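Next up: some structures, all given as structure tokens.
Each of the next two complexes has chain A plus one other chain: chain B in the first, chain C in the second.
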Partner chain A sequence: MFGKEAIKLIHELDQCEEIKPFNEAIFQQVLEEINSLYEQNSKDVSTITETNTAPRNSVIVRHFAMNRNKRCLLTYLYHRLRRLRQIRWELGSILPSEITANLVSAESHWFQAYSKSLATYMRSIGEDGLNIMNDVHPPKSLYIEVRCVQDYGKFEFDDGQIVNLKENTYHLLPRSQCEALIRQGVLEHVSS
Partner chain B sequence: MSFLNFDSYFSITEILVTEERIQAEFEQSLPNLGYLCASSKKDDIAPKTKLDIPLWLADALCRRGESIINWEIPKIFKDSYKEILEADACSVELCKWNQYFYELGLRLPRTTTDDNHKLAEFLLEVFKSRFRIIMDSEQNPFSTPLLRGQLSTLEKKLLVQGNSGKLQLLTWLNKGVKHIETSDVIDNIRKRKRLVV
Partner chain C sequence: METKNSESEYSTEHNENVSHLEESDDEMTAERALQALENAWLNEKFSPELLPHQLELVECMLEQISHMEENLKKLEKGDIRLNIHTMEINRIRFIISSYLRKRLDKIEEYAIYFLSEDANRSSEEAFMTPAETHFAREYVSSVESLFTTLALQHMPRRIKDFELNAMSSKPNLNKHVFIRANKATDGILIPGNMNEQDFKEDSQHIIQYAAIAHLVKNGHVQLI
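Our next item is the complex of A and B:
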């Protein structure tokens, strides 16, 4: 039956919420299927006459099959981009290598363009820009206690102060500076 | 709530639901498509051939004015199965019948409006009677693993949503200082790293 390969892509999306390696092999197969359907259709169209209308049914069936395949491919691309965008909001503009390894070049280009647009927008708010990634939840205190989970090295604040983030050290840091680091998994928010 | 957003072109659920097979009988011949029917060696599909075709194809072919196919209602929506659900909907393992029981019922090609109406009403009744057990286990964080095997995909989603809603309410009631948490993405990557090591 038509569309057997295309549905595999959708199953892959359904099974796992993460971005998997781009399934180039199946993607190409589906494209080939579409092409061959199209060729068969253009062959059959010429045989339709007033007395012989039967090929029309086959043409219709193949047409729907092509549309179905197209829909599966577009959905695959669309949901990968959605997930990538979600990650941009969670982790910021620098992606961990585990994720970048799974992207194709068009997706990396899109990611850079998206980051750029977002940065331009954030700069345009107010007088000297506003980081809308900060304070996703309303803060209750300006400083929070954090534990360092991995060696990060030196981290410089906006005011020029430098703190050395070494594994298993505790710090009391301004909340606005370290929110991104916590979400990236470098620091851990310690509840008081 | 977007559990049943059927109109979306990019909906994963919708695509998976429409991949389900239903039995159909072709009324007109389809030249050069004989390879779809594995048991026949002819080039064409002759009229009166019976074939399991995916719902997306059946639906598209039914929507055209003249009918190319006659489709048959899947057995899980036939009277004998309806009787089982009417007797006690809560004890049925719905996901074994079909992962997308409700969605499939709603997505079947249009027939007479009367039939459609009846089926929709029937699905609603089934859902109402099963909704109570979902609600119960939502409130109870130690839900029985047995229940998960019984639910269809839609019901599972509701259960997960309900559980997280309950948790959110609890944290709000505790009035804790808002905790910043590590992103789920990073968490998952770490888990995998641990597996590799």
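Our next item is the complex of A and C:
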């Protein structure tokens, strides 16, 4: 049946929120289906005459199947791209290897291009730029209590103070500067 | 007693800041600018469409922040004013970032639509700042090149184009929003209903966004 493979791609998006390995096999199969539908259509179109209108219906059905397949393919690409975008906002411009492994090269290129235009935009704000990735939550207090989840080493703050972030140590640190580390999973916010 | 002293110093210093700003921009005091920024932020947060940009306001507040930060460097560590001011700076920075983030979110989602809308406006009337327009263009072309490399170029000639119209989606202007009227306004037409509605000053309503879109832009109502 036409479009059967294409819908599998959409189901895959539905099944989990994460970026799964790019489904090259099905993707190629759908592209082939589109091309074969197109070829059959071009053959049939030439046989339509005023007396022989029968092929017209099958041409229309194939045409819709073709467009539906195209739509499914682009939807698949677009939703993967939006998830990748979400990761850019949460983790920053360096992708963890378990995610890069699931991308095809065009997607990695997109990610770099996106990071670049985002950086250009942020540099343009005000006189010396503003990192809008910071300050995600309304500030409640200047300092927050954090637990170090993994060994990070020395971390220098704006005012020159150096803190040694070792696994399982607790610190009271300026909120504005730990935000990025919390998102990267180095620190954990201990809510009291 | 000590705290009280610091507080009074704090307020004089705050006034100094204000007067400093008045010198450079006699139309807007720091306090009014902050209020305007907060209003713009709430409007942007709750409106389904992109509102005209507030580039000047954002730049003015950023300048104010760096000015305050300069002042703070002069203070000694442990001074109570340091904490109060830093907190205030963090709050303002949160509002600015959140405001700009919200705009980028919308721009990404409806990039094609906003670009075509802005193309009909002169550069002074454009809703997006030049930097945002640049970002929107780059975003659309990066999506296009991803689609082309992976899918479109392998398709038959007749359907391989990146159709801007088919890809573009529009914000839902009929969404209901909560509003407060800043000024008394008469004769608001409710869509799909021939009745007119009058807003009293400070009254609150739930209404379809499309009916009051122009009032949000001229500041007669505030989204809440």
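What we mean here is this: the second predicted complex is superposed on the first by the 187 of 192 C-alpha atoms of A that agree within 3 Å, B and C clash if a C-alpha of one lies under 4 Å from a C-alpha of the other, contacts with A are read in each partner's own complex, and residues count from 1 in each chain.
What we mean here is this: a residue touches a chain if its C-beta (ideal position, glycine included) is under 8 Å from a C-beta of that chain, and two chains touch if they have at least 3 such contacts.
A quick note: this is a predicted structure, and the numbers were derived from the prediction, not measured.
**Q** Once chain A from each complex is brought into register, does chain C clash with chain B or fit beside it?
**A** fit
**Q** Check the residue A:88 against both partner chains and state whether it touches chain B (first), chain C (second), both, or neither.
**A** A:88 contacts neither chain B nor chain C.
**Q** With both complexes superposed on chain A, which partner does A:38 reach: first (chain B), second (chain C), both or neither?
**A** second
**Q** Answer with first, second, both or neither: which of chain B and chain C does A:107 touch in the superposed model?
**A** Touch partner of A:107: chain C, not chain B.
**Q** With the two complexes superposed on chain A, say which partner A:130 touches: chain B (first), chain C (second), both, or neither.
**A** second
**Q** Let me test your reading of the model: by the given contact rule, A:139 touches which partner, first (chain B), second (chain C), both or neither?
**A** both
**Q** Touch check for A:74: first (chain B), second (chain C), both, or neither?
**A** A:74 sits against chain B and chain C alike.
**Q** Using the touch definition from the top, say if A:64 reaches chain B (first), chain C (second), both or neither.
**A** A:64 sits against chain B, while chain C stays out of touch.
**Q** Using the superposition on chain A described above, determine whether A:176 touches chain B (first), chain C (second), both, or neither.
**A** second
**Q** Give one of first, second, both or neither to describe whether A:118 is in contact with chain B, with chain C, with both, or with none.
**A** Once the two structures are laid over each other on A, A:118 reaches chain C alone.
**Q** From the CA centre of chain A, what is the angle out to the CA centres of chain B and chain C, nearest 10°?
**A** The three centres form an angle at chain A of 90 degrees.
**Q** Nearest approach of chain B to chain C by C-alpha atoms in the superposition, in Å, rounded to an integer.
**A** Scanning every C-alpha pair, the shortest chain B to chain C distance is 7 Å.
**Q** Please report the chain A residues shared by its interface with chain B and its interface with chain C.
**A** In chain A, positions 74, 78, 137-139, 141, 175 sit in both the chain B and chain C interfaces.
**Q** Hey, which residues of chain C end up touching chain A in the complex?
**A** Touching chain A: residues 58-59, 62-63, 66, 83, 86-87, 90-91, 93-94, 96-98, 100-101, 104, 108, 131-132, 134-135, 138-139, 142-143, 145-147, 149-151, 154-156, 158-159, 167 of chain C.
**Q** Taking the touch rule as given, give the residues of chain B at its contact with chain A in the complex, in rising order.
**A** Contacts found on chain B: 9-12, 15-16, 19, 28-33, 36, 53-54, 56-57, 60-61, 64, 68, 176-190, 192.
**Q** In the complex, go through chain A and note every residue touching chain C.
**A** Of all residues in chain A, those touching chain C are 27, 31, 34-35, 38, 66-67, 70, 73-74, 77-78, 81, 85, 104, 106-107, 109-110, 113-114, 117-118, 120-121, 124-127, 130-132, 134-139, 141-142, 175-176.
**Q** For chain A, which residues count as touching chain B in their complex?
**A** The contact residues of chain A facing chain B are 1-3, 7, 10-11, 13-14, 18, 40, 44, 54-55, 57-58, 60-62, 64-65, 68, 71-72, 74-75, 78-79, 87, 90-91, 96, 98-99, 137-141, 144, 175, 179, 182-185, 188-189, 191-192.
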